[in-house]
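The following blocks contain the structures, represented as structure tokens.
Below are two complexes that have chain A in common, paired first with chain B and then with chain C.
So, the complex of A and B:
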């Protein structure tokens, strides 16, 4: 590791630790810990949402996918962008009005039972962990590739940083790490796109011509079908992307970190702007990578395409720019995993410890202690798993989290907020079936079962890499069927809930 | 009457409920359909997707880029409308505020 790399890394680590120190001094109530006491402005929260959302998998992965496979990579980025409209239109403001710290709070505002609390805590926990561990593994592999330090060391460094941010600085530190990450990331990709454009003298036709020469697909580069074999695969992925975001707990808890609904909307608008501009630039960088480096070289260095952006940086700006882009990738990783740790922590310490074990009677101090210990435990467990999985291909799990969220959390959340005939039986049925169907389809699919490279060495039961097209309807259907198996709720229960969800007026059950 | 019942039976709240439902559902549905046309076309209408619209920009990319405009447009439209909904909701809450809560 040369001195430039080292300086960039030390700079990031020191800056984020200073933030954590500052945040730790403020983080002395549960509301501070879980939601930064709603103190972020809409713009700050929007930057943090983008920081939570744009993972290294999408920063490096999407650029690589566009460089290697063209249009299919572009389809991904569109899906990531548009999913925010669904969050904005359907779930953002009701969540802000109804919940306090976790996604469980929202559902339990309508169905206040211990069973429901368990269900929501478990699903939020599973989804966050399913996303966290592969991110850590991917991060370790990536840092090893970029910096040539060993896997164990990189996982340990990233794992301890994320745990420190969350355990000591809570949501405030996490948010600011994410805000800084977003700014640095946007700056970096903007710079890289500018260099690509200036290299071709701002002539887009020239770029496209070079792309056609660089790729092995020729004309087909501009068509779908290089990455996914069948149209069903593309449709399935698109469905999971557009509906999945509105079921991701670590994104949804960010509706609590601002003061009111105006700021909630501003957060999402800001996030959409940033995510949109970001993915637009990934398109340019992806094109640039294939135009200046060529398919063959990209593929030879790393067949997954993850190194397309770093290679382009090196080609265009030498080692300094490469060090800069690597540092950005590192920041991206720590910001995302910190967001996942705090979301898993909330599910455990707020929903399970406070609401279920202590029946809502624990003191502020107890809750805060519990949250910090939980964050520490989650950090350690995630690191241990990541270390054990070094040689197992788990990175595909990152994109499948969207499928799991879209088929379990999303249907239940949507029906809870809008469907009067929905009831607790339906919610539990939808949640369990959605989780089991999506996980089973995943387990029986070609990601896991493959005669040569799979975890289970045999022919897969079905050939879909993206099982969303079956799993998502299964989640919705079981929620509907489950509802009809049980009695409807008393008339005014839903309307009380609805009134609170859409006006913020507290029309609680106990009010006479 | 409790505060909940007062608000629930008020004309203003019923109106707010209706106008909100009427606004968000059509937009959401139209947008999801507009979005799903993209993978459908990418899968089944390849000649159309590769046809050049102008220069060497294909229809496929143009349709993809159009999401930026559509998504941002709809987001702004929603924010504009939601401000009105919020104002309505605040008025309703004010009118039936806790202090006036009946027996």
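So, the complex of A and C:
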């Protein structure tokens, strides 16, 4: 590793550890630990949401997909962005009104039972872990490629950092790491976009011409069909992307980190501006990568295209810019995995330890201790899994988490908040069926089953890489059918809940 | 008072429902157009850029626009709700 890389890397580690030290002194209550006591402003939370959301898959994966496949790569960006409207309009404010720390709080405000609490905790835990482990594996591989550190050391460094942020600094440290990551990331991609433009003398026609020369697709690069050849695949992916965000626990628990619904709305609006601007710039960088480096070289270095941004940085700005972009990639990864650890920690320590094991009777100190130990345990488990899965392709799990979230959490959340006839039986049916269907379709699909490169060396039972089109309706349908197998709640009980969910006016049924 | 709350929630939900339907129609018409009207999406004579790109960029502006409209509306609803709560106290 050269000295420039090392200095950037150390600078990030020191800065984030200082933030954690500062946050650790403040995180002495559960409210501080889980939600930063609602102390963030809407703009800060918006930056943190963007930091939580823009993973290495977004930063490096989308740039790579655009560089290699053109228009189809950009379809991901659209789905990721528009999904925030669903969060804003349908779930963000009710979640803030009903919950305290976890997603389980929201559902249990209407169906207060241990069974329901278990279901929500398990589903949040599975989704967060499903997202966390592949991020760690991808991070280890990426850092190994970028900084030339071996895989084990990469995973250990990232795993230790994420655990330290969460265990000592809680949500406050995690949020500020994410805020700084977003600012650095936006600065980095803006700089790279400017350099691309300056290299072509701000002549967009010249860039388009160079892209056409650089890619193997010619003019077809600018049209759909290079990545997705099946119509059902495009629709399925679009469906999972637009509904998935509204089921992701690590994004939804961020609605608790601000003081009121005005700030909740401001958070999401800020996040959409940041994420949207970011995706615009990834388009320029993707075009720049194929224009200045060429398809073949990009593909030869890494067939997934994940190294398109770092390669472009090296091409345009030499080792210094490469070191800077690599440092940004590193910050991107640690900020996202820290968000996932805190989400999994909340599901376990708040829902399972406090509510189920201790029946809501543990003290602040006991809860805080449990949360810190949980964060440590999750960190260790995730690192061990990531080390064991070094040679297994698990990166596809990142995009499939959206399908799992959209088919299990989202239907239950939506019906709980809006449907009068919905009941606990429907919620449990929807959750179990959505979770099992999406996981089964994933296991029986071409990602896992492939005669040559799959985990299971057999022909897949179906050919869909994105099974959302079947899994998501299954989650919704089972929730609906399940609801008709049990009696609905009395009108006044539902109305009190509904009023609290949509106005914040406490009807006295469930104290936060 | 409960009647007023009812009306308030109904008004808000109507706006949300209409917006969500519009978002879904606008969002899914992009992949559906790519599948069913590929020639239209490849058209770049009338718009200088491929229609597919123009429509993709419009999705960004749609997101920002609806987000902005909803935030403005919600501010008005918050004030309305606050007035209702004050009246209830009296």
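The rule is simple: the second predicted complex is superposed on the first by the 509 of 512 C-alpha atoms of A that agree within 3 Å, B and C clash if a C-alpha of one lies under 4 Å from a C-alpha of the other, contacts with A are read in each partner's own complex, and residues count from 1 in each chain.
Basically, a residue touches a chain if its C-beta (ideal position, glycine included) is under 8 Å from a C-beta of that chain, and two chains touch if they have at least 3 such contacts.
Please read these numbers as outputs of a predicted model, since none were measured by experiment.
Participant: Should the superposition on chain A be reported as showing a clash between chain B and chain C, or a fit?
Facilitator: Chain B/chain C on chain A - steric clash.
Participant: Please indicate which partner A:496 is in contact with in the superposed arrangement: first for chain B, second for chain C, both, or neither.
Facilitator: Only chain B; A:496 stays clear of chain C.
Participant: Just to be sure I read the superposition right, which of the two partners does A:89 touch: chain B = first, chain C = second, or both, or neither?
Facilitator: A:89 sits against chain B and chain C alike.
Participant: Looking at A:205, would you say it contacts chain B, chain C, both, or neither? Reply first, second, both or neither.
Facilitator: A:205: touches chain B, not chain C.
Participant: Let me test your reading of the model: by the given contact rule, A:117 touches which partner, first (chain B), second (chain C), both or neither?
Facilitator: Once the two structures are laid over each other on A, A:117 reaches no partner at all.
Participant: In this superposition, which partner touches a larger number of chain A residues, chain B or chain C?
Facilitator: Of chain B and chain C, B contacts more residues of chain A.
Participant: Let me test your reading of the model: by the given contact rule, A:254 touches which partner, first (chain B), second (chain C), both or neither?
Facilitator: Touch status of A:254: no partner.
Participant: Name the residues of chain A shared by its contacts with chain B and its contacts with chain C.
Facilitator: 71, 74-75, 78, 81-82, 84-86, 88-90, 93, 222-224, 231, 234-235, 238, 242, 261-262, 265, 268-269, 272-273, 276, 280, 498-499, 502-503, 505
Participant: Considering the complex alone, what residue numbers of chain A touch chain B?
Facilitator: Result: residues 71, 74-75, 78, 81-82, 84-86, 88-90, 93, 204-205, 208-209, 219, 222-225, 230-232, 234-235, 237-239, 242, 261-262, 265, 268-269, 272-273, 276, 280, 492, 495-496, 498-499, 502-505, 507, 511-512 of chain A touch chain B.
Participant: Looking at the complex, which residues from chain B come into contact with chain A?
Facilitator: 2-5, 7-8, 13, 16-17, 20, 24, 27-28, 31-32, 35-36, 38-40, 42-44, 46, 49-50, 55-56, 58, 60-61, 64, 67-68, 71-72, 74-76, 78-79, 82-83, 85-86, 89, 92-93, 96
Participant: Could you pull out which chain A residues touch chain C in their complex?
Facilitator: 71, 74-75, 78-79, 81-82, 84-86, 88-90, 93, 222-224, 231, 234-235, 238, 242, 261-262, 265-266, 268-269, 272-273, 276, 279-280, 418, 498-499, 502-503, 505
Participant: Please give the residue numbers of chain C that touch chain A in the complex, ascending.
Facilitator: Contact set of chain C toward chain A: 5, 8-9, 12-13, 16, 19-20, 23-24, 27-28, 30-32, 34-35, 38, 41-42, 50, 52-53, 56, 59-60, 62-64, 66-68, 70-71, 74-75, 78, 81, 85.
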